[in-house]
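Labels run A, B, C, D, E and F following the written order; every chain starts at residue 1.
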Amino acid sequence: MAKIIAAALPNIPWQDRPQNARGPVWRYSANPIIGRDGNKRSNSVFNSAVVPYQGGFAGIFRCDSRSISMDLFAGFSDDGLHWKIDDEPIQMQGADAEVLKVDYRYDPRVCFMDGRYYVSWCNGYHNMPTIGLAYTHDFRTFTQLENAFLPFNRNGVLFPRRIGGVYMMMSRPSDNGHTPFGDIFVSQSPDLELWGRHRYMMGTIKSNESAWQSTKIGPGPIPIETDEGWLLIYHGVITTCNGFVYRMGSALLDIDEPWKVKYRSLDYILGPTELYECVGDVPNVVFPCAALTDGATGRIAIYYGCADTVTGLAFTTVDELLSFTKEFSRR
Amino acid sequence: MAKIIAAALPNIPWQDRPQNARGPVWRYSANPIIGRDGNKRSNSVFNSAVVPYQGGFAGIFRCDSRSISMDLFAGFSDDGLHWKIDDEPIQMQGADAEVLKVDYRYDPRVCFMDGRYYVSWCNGYHNMPTIGLAYTHDFRTFTQLENAFLPFNRNGVLFPRRIGGVYMMMSRPSDNGHTPFGDIFVSQSPDLELWGRHRYMMGTIKSNESAWQSTKIGPGPIPIETDEGWLLIYHGVITTCNGFVYRMGSALLDIDEPWKVKYRSLDYILGPTELYECVGDVPNVVFPCAALTDGATGRIAIYYGCADTVTGLAFTTVDELLSFTKEFSRR
Amino acid sequence: MAKIIAAALPNIPWQDRPQNARGPVWRYSANPIIGRDGNKRSNSVFNSAVVPYQGGFAGIFRCDSRSISMDLFAGFSDDGLHWKIDDEPIQMQGADAEVLKVDYRYDPRVCFMDGRYYVSWCNGYHNMPTIGLAYTHDFRTFTQLENAFLPFNRNGVLFPRRIGGVYMMMSRPSDNGHTPFGDIFVSQSPDLELWGRHRYMMGTIKSNESAWQSTKIGPGPIPIETDEGWLLIYHGVITTCNGFVYRMGSALLDIDEPWKVKYRSLDYILGPTELYECVGDVPNVVFPCAALTDGATGRIAIYYGCADTVTGLAFTTVDELLSFTKEFSRR
Amino acid sequence: MAKIIAAALPNIPWQDRPQNARGPVWRYSANPIIGRDGNKRSNSVFNSAVVPYQGGFAGIFRCDSRSISMDLFAGFSDDGLHWKIDDEPIQMQGADAEVLKVDYRYDPRVCFMDGRYYVSWCNGYHNMPTIGLAYTHDFRTFTQLENAFLPFNRNGVLFPRRIGGVYMMMSRPSDNGHTPFGDIFVSQSPDLELWGRHRYMMGTIKSNESAWQSTKIGPGPIPIETDEGWLLIYHGVITTCNGFVYRMGSALLDIDEPWKVKYRSLDYILGPTELYECVGDVPNVVFPCAALTDGATGRIAIYYGCADTVTGLAFTTVDELLSFTKEFSRR
Amino acid sequence: MAKIIAAALPNIPWQDRPQNARGPVWRYSANPIIGRDGNKRSNSVFNSAVVPYQGGFAGIFRCDSRSISMDLFAGFSDDGLHWKIDDEPIQMQGADAEVLKVDYRYDPRVCFMDGRYYVSWCNGYHNMPTIGLAYTHDFRTFTQLENAFLPFNRNGVLFPRRIGGVYMMMSRPSDNGHTPFGDIFVSQSPDLELWGRHRYMMGTIKSNESAWQSTKIGPGPIPIETDEGWLLIYHGVITTCNGFVYRMGSALLDIDEPWKVKYRSLDYILGPTELYECVGDVPNVVFPCAALTDGATGRIAIYYGCADTVTGLAFTTVDELLSFTKEFSRR
Amino acid sequence: MAKIIAAALPNIPWQDRPQNARGPVWRYSANPIIGRDGNKRSNSVFNSAVVPYQGGFAGIFRCDSRSISMDLFAGFSDDGLHWKIDDEPIQMQGADAEVLKVDYRYDPRVCFMDGRYYVSWCNGYHNMPTIGLAYTHDFRTFTQLENAFLPFNRNGVLFPRRIGGVYMMMSRPSDNGHTPFGDIFVSQSPDLELWGRHRYMMGTIKSNESAWQSTKIGPGPIPIETDEGWLLIYHGVITTCNGFVYRMGSALLDIDEPWKVKYRSLDYILGPTELYECVGDVPNVVFPCAALTDGATGRIAIYYGCADTVTGLAFTTVDELLSFTKEFSRR
C-alpha cells in the first residue's frame, strides 16, 4: 500500500468510486462545482488552485471577466465544493514597480511551504508570459516576488518542500501564442529569486504509443509526496484537425532528483468526455491545477478546469493512481 | 432616460428581463426561433436581417443549402418569431450582367430609408468578397446596384438616414479567407454608387483589457439612432487554441461624425453559452445582424446567428444598453 | 426501380424512414450503437467496417485506446447493432518483417471477394500513412500483404469484384498531417500486390455550388454494385474558421470504367447535426466506412464514425439514394 | 505601325537595341541609374516615377532611409539619367489632419492630367495600406486628396485622361503583409474623391501556361495610349521555394472599357537576370513604376526598381511591345 | 581500387582535380556549360539529363520558358560541353489520351536499358506531380507509358538494369507545393507499368550531425554500378531563415537489395558556393540529375542544375567518391 | 570627447575612414578576413568572437562543417586579421555529464573578466537552444558551467564586469526555429550559475520609424564601457517577402542599471550591401559578435558574420558611434 507523505485531511471532498467508472480517476457527480458565474463579472472560472486553510479551504481562482481579461481572485470554502470568490482581483504588494509589472495573470497554483502559501502563475511581463511568484499568509495580503524565469514560460509548479536544501520548480518553456510544443523542466533555487541548474524532466511522446501527449505537456498540481517518490499529475495535448485536446496523465518522480522519471503512464488518467468538458469557450479541455490529499486514507481530490469555462472535481487514491501509473508505464 | 429616435413598434417581439439574467442583454426563452430546416433545402439559417413590414415583419435570410451554398432568401412573419422563408433564393434585376455578377451571397442587413428597403450583404464578385447592395419595395422584386467597394470587404452596414447630406456605410475590410484581422471604417456617398472619404472608426483591442475583441470586429445591425448618438451593436472575435469565438459588443457613436466613438464597452454584451450557440457547424458564435426597436418604450430585439447554424433572438432596452456601454467603457 | 446487384440480407439492421426525415438518409433512433467503451481500453470506437459473416456480422474496428494509440480490432455481432469487440488488437502474419512493419493502423474497410475478407486500412509505414492490405477467412487469422502504394495515402477502398479482369482500388493521396487537400483516384492490379494505370476519378469542388466538399474528399464504404453503375458513398470536408466539418455524399460511377463519374450529388446526404456527431474528440464529423446491402429489398445500412468518438448507423435505399444523386447532380 | 497617342519627347533617354538582346525590352547599358545613395540618408532608391517637366524631367522617388522608413522624395533631372533627389521627404498640405494622416508612403506613380501632376502611392492609413492621392504643379507644393479606397490596397495607377467622362484608376486589392494574392481592378470617379463601378480587369494565371504571374499581378506605369488601345506594363510574381520573383509583363486594354483585355502576353517582357536585379535587399525583383514615351518615334523608356535597392532603366518601342504582346497572347 | 561496372567512355568530358579543390567533387572551370539562353524561348536551363549517344551525347533538358512554363526538350552534343537544344518541346505518342495527359514536365532523368533510352520526369497529372515515364530509341520519337505512381511524387530514378528479375525505381513521395519533407523509397515492377513492394531506403537527418539534409532528400542521377554496390548521388535540403539550400550527397547501396544503405556520407559532396549557384531564379541550389561514367578510368562527370537557372558540370572518380562516402559515413 | 573605459590596444586592427564612407561604421578593405575554408572541414566561418590574448589575439569561432554541423573552435592570430583556427572542435570539461550535454553549439561570445575568458554561446540542450557558459585561461582547456537559462534562448552576452556586485547577462528569449520575434533582457547572478531579477531592456520597433529592427533584435559584442554608459552594438532583423535581413544598430545603456536605454539609434549602423554580405548560405546578413577596443584612441574593430558564410571586419570610433547614436535616437 502506497502512502502519501502528508497530513490527514478528514474533510477532503470525497465520493467513492462508482461502479461503472473506467480508469483510475472518477468525477464528482455534481460537476461542475463552479460555473461561469463564479463571481460578479466572470465569464468563466477554471484552471484554479485550492488548499486547506483554517479548517476549511482557500483558493486562487482564474476568473476570465466578461471583457475576457484574465486575472486572479481569492476565494474561500467550508467544504471545498461551494466557493465564495472575491469580485475584485488580488492586489499585490512588492519591492518596486518593475516587480509588480503585470499585464495579465492566469493558471495559478498554490503551494504551502515554510508557513507561507506560495502562489505561482503565468504572468504577463511586457505582454510576454513568464512565471509570477508571490506569497500570502491569509489570502488577503499578497507579496509579489521577482518573476522566476525569463519569458516565455507557463505552468510554474513548486515542489512542496526543499529538496537537497533547495527549492525546486517545474515549468514548461513556451512561446508567445498557442504554443504547439512543450516539455517539462525542473529548476533549482536557494531563495526563490535566483534560479539555475535547469534539468530536463520529460517531454512529449510523438509516437502512436501515447499520442494524447504528442503536442505538449505541462505540470499540473503541486506534486504529491509518497513513499515511492513524487506523484505528478500533468496535462498532455494532442493536435487534431479541429484543434487541441487536453487530457490528464500521471508520473512518478525520483524523490531526490525529481527530474528522473521512474514511471509515466502511457494511458491518460482523465480525458474530456462530459458535456461541460467538451463544450465551452475552448472545447475538449481538462486541465488540473490542484490536488487535495488526505495522508490518512490516501484519498486525492483533483480540481481541474473544464473547457476553459467551468471548474470540475475528480477523485482517486494514491493506490489507484500509482498502480495505474506503473501498469501503463512504457515498458 | 435615453431615447430611441424611431417610430413606435408596439408589436416588437418581447420578453421581460428574467430574474437571473447577467449582463445587459437576455435571450428569448424559446430560442432558437429558426432551426436548420428554415426552408426546403436549408442546412442552416443564420446571420439574417429583419424589419417591420406592412404591420408584420419581413426579412432577408442567409440559408446555407444542403450543398453548403450560401445564398439570400426573403421571408415573412406576423410576429417576428415564426417565419415563412422562401424556398427559392432572391433573383435580382440590375443594370447589366456585370452588376448582377454574383458567386455567393451571405450575411445580409436590411435598412429602411427613403421609402426603400436597402439590402447590403457580402457579395462574391469573381469569388472575392465585397459589399453587394440592392433595394426592394416589397421583398419580391429587388434591384441590384453596383458593389459598394473593391474586394475584399464584409459586413457593409448602412446608417439609416443621410448624415450631413450623404449616405454613410460601415464596413470591415478583409481578405479572402477566414480573415484574422478586421477594423471598422465609415465611408460616404452622395448616391450609394460612388464612395469615398473613408474614415477609420475603431479597431481590435489586443490587450488583456478586452481580449474578446482582439482578432477582429465588425458592425452588426443597422445603427440605432438615440438622443445621445448612434448606438452600435457589433461583433468581436478572439482566437483561442481551438479557433474563433464570436461575441457581441456595443458602442456609442457621434451623431454627426459617426467615426468618432464616444463610448465603447470593454465587456461583451452577449457571448455564446447556450448549447445552440456553442454547438453547430461553427461552434461558439453569436453574430448579430438586425435589431428591431420600439421608439415608444426603448425596447430592442436583436436577431443573431447562433453557431452558424440557427437563428436566435435576444432583448435589451436602450437604457440598459447605453448605461452598460458607458459604465464599461475604457476609462 | 434501381437494383442492388448483391445477395439478399434479410437480417440487415433496419428502421423505416421517419416522417420528419429530411434528405435521403436517416439515422438509427438508438444511435450511437457503439460508445467510447467499445472494448476494454478504448477511448473511442469509430470509422469501422462490418460485413455479413456466418449468418451474423463481423467487423474490423478502429478503437483508439486510452493512450490514443490507433489500432484495429476484430468484432462480432448477431444483429449488427450490438457488438462484441476484442480487447486485443489484430495480430497479422506475413511474408517477412518488412511487410509486417506497422506504426499505426486506422480507418479500416472490409471487402468480401473471392471467398476472402480483404481488409484495407491506413497503415503507418516508417510513420508515413499508406494503404495496408490483408485478408482473413475467419476474422481470427489475418495475412498481411504488401502495402498497396507509396506513402502518403489514405482511404484505400477496394471494388468488390474484378473489373475487366483486374482488381481496382480507390484511394486518396495525402500528406503526413491533417491533409488540407484530397481527390479520389482508381488504381488497377492483377494480383493485389502490383498496382498501376492510376486514373483520376473526381476531386473537390471549390465553388459555392457544393462547398461542403471544398477541402478534400475520400471514398467511404466498398462501392455498391447496381444495375446503373457503382454507387459510391464518400466523405467530403469543408474548412470553417473553427476547423474541418466532415459530411457524406454520393456518386454513381461507370460500371466498367469506374473512374468515370456519371452522377455526383452536389448536396450532401448526411451531415453532423446530432450531439454525438457534433461533440466529441473531433467535433462535427460523420465518416462512413461500411454499408450493408440487401439485394432483395434495396435496403442499405451505413456504418459511420461520429465525431471521431463513437459509431453510428444510418439507413437509406438504393432507390432513394440513386434518385437523390441524380436529382442533385451538377447539371 | 502602332502609334503612341502622346506628345513628342525628343530628349527621351534612349539606347538602340543591342545585337544580342532577347525579348522585347532591353536594359540601359549603364544601369543602375540611381544607386543606394540617391539622397543623403537613403538605404535604397527604387520603385519610383518620373515625367517630363519643363524641358527636363521631374520625379517622385521612393527612398527607404537608413532606418528603413519608406517615404517619398521629389527629384529633378536634365537628361532622365542623372538625378538630384531631395534630402527631405515631401510635405503635403491638405483639407484636414485626417486627410494628411500618413504612417508610411511607397511605390509612387505620377500622372500628368488637366495641367496637374497627380501622384498616387501606397499610403499607410492607421498602418493599413491604401491608395494615397495628391497633385502638384511644380513638385514643390503638393496638395493631398482623400485616400481613394478603403484598405487594403496597393498600386493605384491612374489612366492619363478621362474615359467616358470619368477618371479611372487601376489598383490591386491586398492584405496587410507580403500579400500572396492579387488581381487588377479598374474603378471610376467623377472627381477623384468618390469612387465606384469597380470592374475586375485581370488576375493571376495559375497554370503552367504562364507561371511567372501565378501569385499576384499589379499595374505598373501610367498606361500608354496607342491607336490600338491602352498599352499596360505590369508586374507579376511567382512564389519559388526561396521567395517571390517579380517580373514585367504587358497587356493591351480596350480604349473605352479598359477592364476589357484584348491581348496579354504569356511571356514576361523583362525578368531579373543582372546582378543588381538578383542581389539586394529583396533579391530577384524588377518592378516598373513609370514609362516615358515619345509620340514621334514610338520609343518607350521604362523606369523600374531593381531588387528593392536601386533604380534601372530599360527601353522598347510601341511596335516591339505591341507585336510581342499579341504574338505571345493566350490563343 | 573500386571499379565502375560500365562501358568505357573515352570521350567523357573531363578536367583533372585542381590543386586547391576541397571535397571529393570539383567543378568544370568554364561553368556554367549551358546558360539561360539554351534554346530559343528559354528563361533557364537546368536539372537536365544526358547520356552517351552515337559516339557523342544526347540529353533531355528542362527549359523553363519565358512564360515560366516547365517542359522537356531534346538536345545533342559532340563533346558533352556544347549543346544544341531543340526549340520545340518533346511531343510524345502513347496508348491513349489519358496516358498522354500532361500539365507540366520537369527534372528529367535518362536511363539506357534493354536498348532503349528511358526517360522519367516529374509529370503534372491533373496538376498533381507524379512520375512520368517514356522511352525513345533516337531522341526524336518518344513513347509515353503509364505514370508510375499515384501523386504526389517527384524524382523518379530508375536503376539501369533489372535487379532480381525486376525493374526498380527510386522516388521521393511529396505533396503539391514546395514540399518541406521527403525520403527516398525503392519500388519494383516486372513491366514498368505495375509497381509494388515499395521499400523505404533512407530519409532526412534531423540532427546536427548532418543538417544539410534535414528537410528533404531525393535521388539524383541514375545509380552507378560498382563492384562494391550501387553508388548513389542525391540531393539534400536544409531550411534556413531565408529558404532552402540544396546540396549533393552520396551513398553506397546494396547491389541486390538497394534499399539497404551500406554507407552514406554525412558531409555533402558539393554545395552552392559559386555565383552561378548562389544567384539566380532560386538562389543556393545545386541539383544533380545525370552522371556520365567511364568504366575504364573510373571517371565520373556530374551534370547539375545551378540556382534553377543554368547547368553546371562537375567531376570526380569512383575511388574518390567511394572512399569519401565511407570515411564520412555515420559511424 | 567620449572615452572608452578600457586598456589601450595599440595593435588593434585598423584602417582609417575612407572618403566615400556613409554612416558611422566602415568596412575593412580586404574583407572577408576569413573565408569558407577557415579550417579543415569548414563549410563556413562566421558569427565568431575574438579577444586580445598574450600580445596577439585569440578567438572562438563558429565553423559550420561540411555536414552543416554547428560547433565551436578555438583560433589564434598575431594581427587580428590572419587566423589559424583549430581543426577539432573544443572539448569541454565539466561537473557531470548533464552539464556537458550538448547537441550543437553556435554564435559564441568571449568576455574577459576576473582573469578568465568566459565563453557564452547558443547551446543545444535536448535539442533546445539555451545559453551555454564556460571559461578558459588559455583557449586550450575549457570548463563548462551550468546552462544559464531555461530554453529557448539565444545570444547570451555578458557584461565585462560586475555591476552593483553581480554579474549581468543580456539574452534574447526565442523559440525553437527561425524565431520571428525577439527582445533583449538583462538578468543578474551572484555566481554565474543562479540567475534572476530579469529585466526587459528593449524590443523591436514595429513602426515605419525604424523598420529594419521590426522582427527581432539581439545583443552583439560584449558591451563597451564608456564614460557615458555602456555602448551596445546589436543586430536587428526585418522580414521582407524574401526572408530576413540582418543589420547592426547601436544603443547607449545606463552604466548602473543597464536595462535602462538612454539612446538608441533609429538608423542602422551597418547593413548588408557587399557581395559577401548579400550572397552566401543565408543572404543579406551582417551579424556582429565581437568588438576590440583601444582605450587610448577610442578605436573600435567589429567582427561580424557575413551571410552566415564568412567573417568580416569593420571599424568605427567611440566618438563616431556615440554621436551617431544620439543624433539618430528616437526624439
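Worth pointing out:
Heads up, the rule we're going with is that a contact is a pair of C-beta atoms (placed from the backbone, for glycine too) under 8 Å apart; a residue touches a chain by one contact, two chains touch by 3 or more.
What you see is a predicted model; the values in this text were computed from it and never measured.
Common partners of chain D and chain F, by the touch rule above, are E.
Under half of the residue numbers at the interface between copies chain E and chain F are found on both sides, making the touching surfaces mostly different. Our note on geometry: chain C versus chain D, Cα centroid distance of 55 Å, whole angstroms.
Centres computed as Cα averages put chain C at a distance of 40 Å from chain E.
Chain A and chain D have CA centres that are 59 Å apart.
Shared interface positions of chain F, defined as residues touching 2 or more other chains, are 242-243, 279, 283-284. A list of each chain pair in contact follows: A-B, A-C, A-F, B-C, B-D, C-E, D-E, D-F, E-F. The part of chain D that touches chain E in the complex is made up of residues 22-23, 207-212, 238-243, 245, 266-268, 271, 273, 275, 278-279, 283-284, 328. Those residues of chain D lying in contact with chain F across their complex are 36-37, 41, 43, 65-70, 103-104, 124, 127, 178, 242-244, 279-284, 308. Across the complex, chain D is touched by residues 98, 125-126, 128, 130, 146-153, 171, 173, 175-176, 181, 183, 185, 187, 189-190, 193-200, 203 of chain B.
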